Amino acid sequence: MPLIVEHLTKIYPDGTRALNDVSFRVEDGEFVAIVGLSGAGKSTLLRCINRLVEPTSGRIIWNDIDITAASPQELRRIRRQIGMIFQQFNLVKRSTVLTNVLSGRLGYLNPWLTLLGYFPPAEKKRAMEALERVGLADLAYKRADELSGGQQQRVGIARALMQEPRLLLADEPVASLDPVLAHSILRYIEELNKEGGVTVICSLHFLDLVHRYATKVIGLKDGFKVFEGRPEEIDDRRFKEIYGQEAERIGG
Amino acid sequence: MKGPWRIPIILGIIIVYALCWRAVGIAPSKFFEPQAAQRAREIFTAFVTPEILIPEVSRQAVEVPFRVPCPPGAKSTPEVSGLSPQIVMPVCASEGEIIKVEGRGFHPKSDVILRWRFAPSSQLPLGGELVAARVKANEDGSFEAQIEVRPLLAQEGGASLQAEAQWRTGRRVVSPALVKTAELMVQTIFLALMATTFATVIAIPISFLAARNIMAKGPVGTAIYYAVRWVLDLVRSIEPIVVAAIFATWVGFGPFAGVLALTVATIVSLGKLFSEVIETIDPGPVEAITATGANLLQVIRYAVVPQIVLPFLAFIIYHWDINIRISTVVGFVGGGGIGYQLKLWIDQTDYHKAGTAVWAIVAVVSVMDYVSARLREAIK
Amino acid sequence: MDRKRNASAVKALISLIPGLAYFLEGHQTLSLIWFFVTLAILGLALWRGHTWLWICLALWWVGSSYDVLMRYYRNTSRLWPAVLAALVAFYGVGWEVTEIDLLAPFQRFDKMKPYLVALLQPDLILHPEEREVFQVPIEMPCVKEPQPKTIGHKETITVSSGCAWTGDTLKVEGETLRPGFKVELWWVNPIGERQRILKGGTPLTLQTDEHGRFTAEFTVPKAIPVGFEPKPGEYQVHTLQVHLVRRVGMIRPSDALIEVALKMGETIAIALLATTLAVIVAAPLSFLGARNIMGGSIPTRAIYYLMRLFFNVVRSVEPMIFGIVFVVWVGLGSFAGMLALVAHSIAALGKLFSEVVEHIDPGPVEAISATGANRLQVIRYAVIPQIVPDFASFTLYRWDINVRMSTIIGFVGGGGIGFRLSEWIRLSAYRQVATAVIGIALVIIALDYLSSQIRRRIV
């Protein structure tokens, strides 16, 4: 059940061409890193996959379902199987950690009961387990804005875990964190990928992280796909293609 | 301010102020005109001595039936009625006669009022009272009075004479003005509470319509956004007092008119503040919850509501506080609350009672000011 | 075993006193709220004496105990029963004492309709007109055979019958009148009540043709005065008035518009003077109410507390209340209104200003003092430069409020547009009210805009 992206193009209302005819294929269980300069279209690509951003043209097919053609209801059913992690964590700061984690489950639950703030005890238990997995069980009743950045991102991961995702989209999940934390967060994601068999598509800034975690790399530049292959294949020429002629390679 | 414009600008300002001075008719001498100064002194002494406790007054009364003219066979000789206190007087007389009334056993040195009272009749459908004389009882509690038998008393239903003695007990009791003030103050607080509540319920949906980030996505939404903003600004420029005066003619004088006027004012003000809160919410959580497959209502409940609840609450409490201030004066134009009574007391030159009301307003407004500040701090 | 039973007895006892558990847990504010809510419901129940209020009080009590017990034994909080009981009590009493009657706005809509209509057609312009009136007496009802009736010699008006009754149709014709005039028909009854004759609900209006002719049919309106119905065999004389109307000269602003414009000027004058005078008084007073200036010795500290008390007390009295007092003191008029605004503004500004003074940076003050400057010099060179921007912005804010207040201070006799407006409302002069309301709205929106521009410049 691969993810197939065909001729994906996104033109924003103001005329910005953020993606130009991008096609690629992701097999189950892969850890795909998306690399590219700021503004290359990484976020746009990830958001097109779960249609937080509406693609202008092209198709995205997952599990033999055309996501781009899904009705609002189908879309919600698809989305609940796709976890997403954000650079800015996007937690609801004034809600508790537990509520934030539980809200990952909304797509599965009776909407009316959840509007009243009711979650079945089984779900609460599952949320506590998810928090335990990311090592935050004792902070369940704290407000999200009382947590440090690394802790907040772990809550974000726990929220995605609640969805029992088969695909995880991560948009620069570690760009706001220091290098040590970055590794610990990516290790959680890797664990999901290796042990849970969850396909991961993750945009990353640092090549050393790409080499360390990814099984496949997609390079974007100005909305065009300029590279697709294994991390080892990125040599100096390829690097300059992705990051521009003036770029200097550091690390990795 | 430099250069050649300096002098014209200063001159212009002087002229503007001179015109204003004339338009307002400022006349400091008015403060000191003997009559004005006299009234001012009266008001200020009354305000610093508001009516809180008043001397307790005790009363005792006896009432004796009386007929005009004498029915056939009745004799108009004095008779003793009651045990203590007792009145000695004839049981009947003819119109215009002067009769002698004696009292015994009343409270020593009390003030006695003698009143004619008559039952309802064809001429006086509601019955009535007429003060016949005021006398003072002497040390042993007796008095004597000569009163005229007024033609009004010649009635079918007969009449009676009441003697009521009043005297100060030397104790002090809570004044009725204070009780009235307290009741109206509570009414004022509730007036503000109801208005704030109604306004909140209506302002919440309106505020979404007036939030740029929610509405300005298509041409229709943008048009609604500008229309709602425009109406809010327009209505906001009309003071609640004016609205209250108009509502008082609409739904009748009373607190309900005040509630409606404050509701309108509060909707407008809260609508604008709420929409500003909505405009500044963080879009990140909205995106994140949408990405989990939640529907629109769930997104609002779990991504939008948690972000806006506390700021909304703070504004609501703040407006309750403001509304209490305003509702102390909507009564001036028929909107209920303490204001109406205050104006009445001032118009009746009952400045002591007015003072009671003003001090009550000061107390309640200050306390609410403090409480609302504390509450808003607590929910931050 | 015994100790355990004791512990649960203690817990039960604690749960019985509303707010005590919160107090013991260290939530002082919450326990205070609990205490006051209990007192408030009790007070309301005593005051109104309704059974349902006592039930609410009981439910509140039980609900709070339930919450405490749930927290002790189940580790979850169940607040909603108590909160619900309190809300029912407060809103129930609120509904009652504010005499809310949701039907009244609909049932009495006829009282409001004229305002809404008038808002669409405020009294703005006046078109001077020339008016010639012909009067035709009409007998009501007919006691003789109906006969056509003509009046005038050269210019004639003919009515199809000189007598009629309510609901009859009459025909009226004019001959050799002045051409090109508008024709209005009016009906006047014996006690002088005048009404315009309508056709299909709108006033009947015609035009004389180039020969000065017009023809119209109309229905005799209901005009018999109540209590003066003609006895059988008798009739009363009504008058049909034919008005020939022509607009002459230029249109000019209506009296109401002129009045609104003049009074708006007076209103702004009140606001401007009140704000200015208040600033002049409040600025020096604010130093006396600033802790960092007055904190030194005991007498100055006493002055500081007195000023604070003064600001807080006077600030909490609405300008309109000062209005009624000043009207009694110096008499009706703008002067009293202005004084009312001054009194309130001094306190409000004084408080804001003194907070500005309290938050100045002490560095420059020390620096200037270190140069050997005296107290006034320090204020002039170290304090004033720091406070001017904030003072200016608070003054502007006050000016905004005072403009609004000055439009209503007239409701208690304080002059300005409010005085006229309150009179017009009392007289049900709808179109004039509309003129005033629209005028106020325009001026306030314009001044708001102006001050927001100024604020942008100075901040």
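Letters A, B and C name the chains as they come in the text, with residue numbers starting at 1 for each one.
We take it that contacts are C-beta pairs under 8 Å (C-beta built on N, C-alpha and C of every residue); 3 or more make two chains touch, one makes a residue touch a chain.
Remember, it's a predicted structure, so these values are computed and weren't measured experimentally.
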Mutual neighbours - chains that touch chain B and chain C alike: none
Closest chain to global C-alpha mean, per-chain Cα centroids: C
Top-ranked pair of chains - ranking by C-beta pairs in contact: B-C
Farthest-lying chain, centroid of Cα atoms versus that of chain B: A
For chain B paired with chain C, centre-to-centre distance based on mean C-alpha positions, whole Å: 16
Distance between the centres, which are taken as Cα means, of chain C and chain A, whole angstrom: 56
Centroid distance [mean C-alpha coordinates] between chain B and chain A, Å: 63
Contact footprint of chain B on chain C as seen in their complex: 29, 47, 90-91, 93-95, 97-101, 104-105, 108-109, 111-112, 115, 265-266, 268-270, 272-273, 276, 312-313, 316-318, 320-321, 324-325, 328-331, 333-335, 338, 404-405, 407-408, 411-412, 415, 418, 421-422, 425, 428, 433, 437, 440-441, 444-445, 448
Touch list for chain B against partner chain A, complex: 282, 284-285, 287-295, 297-298, 301-303, 306-307, 309-310
Complex interface listing, chain A residues touching chain B: 50, 52, 75-84, 86, 88-95, 99, 103-108, 111, 114-115, 117, 156, 159, 162-163, 169
Chain B residues touching chain C - in the complex, by the definition given at the top: 16-17, 19-21, 23-27, 30-31, 36, 39-40, 43, 183, 186-187, 190-191, 193-194, 197, 233-234, 237-239, 241-242, 245-246, 249-252, 254-256, 258-260, 325-326, 328-329, 332-333, 336, 339, 342-343, 346, 358, 361-362, 365-366, 369, 374, 378
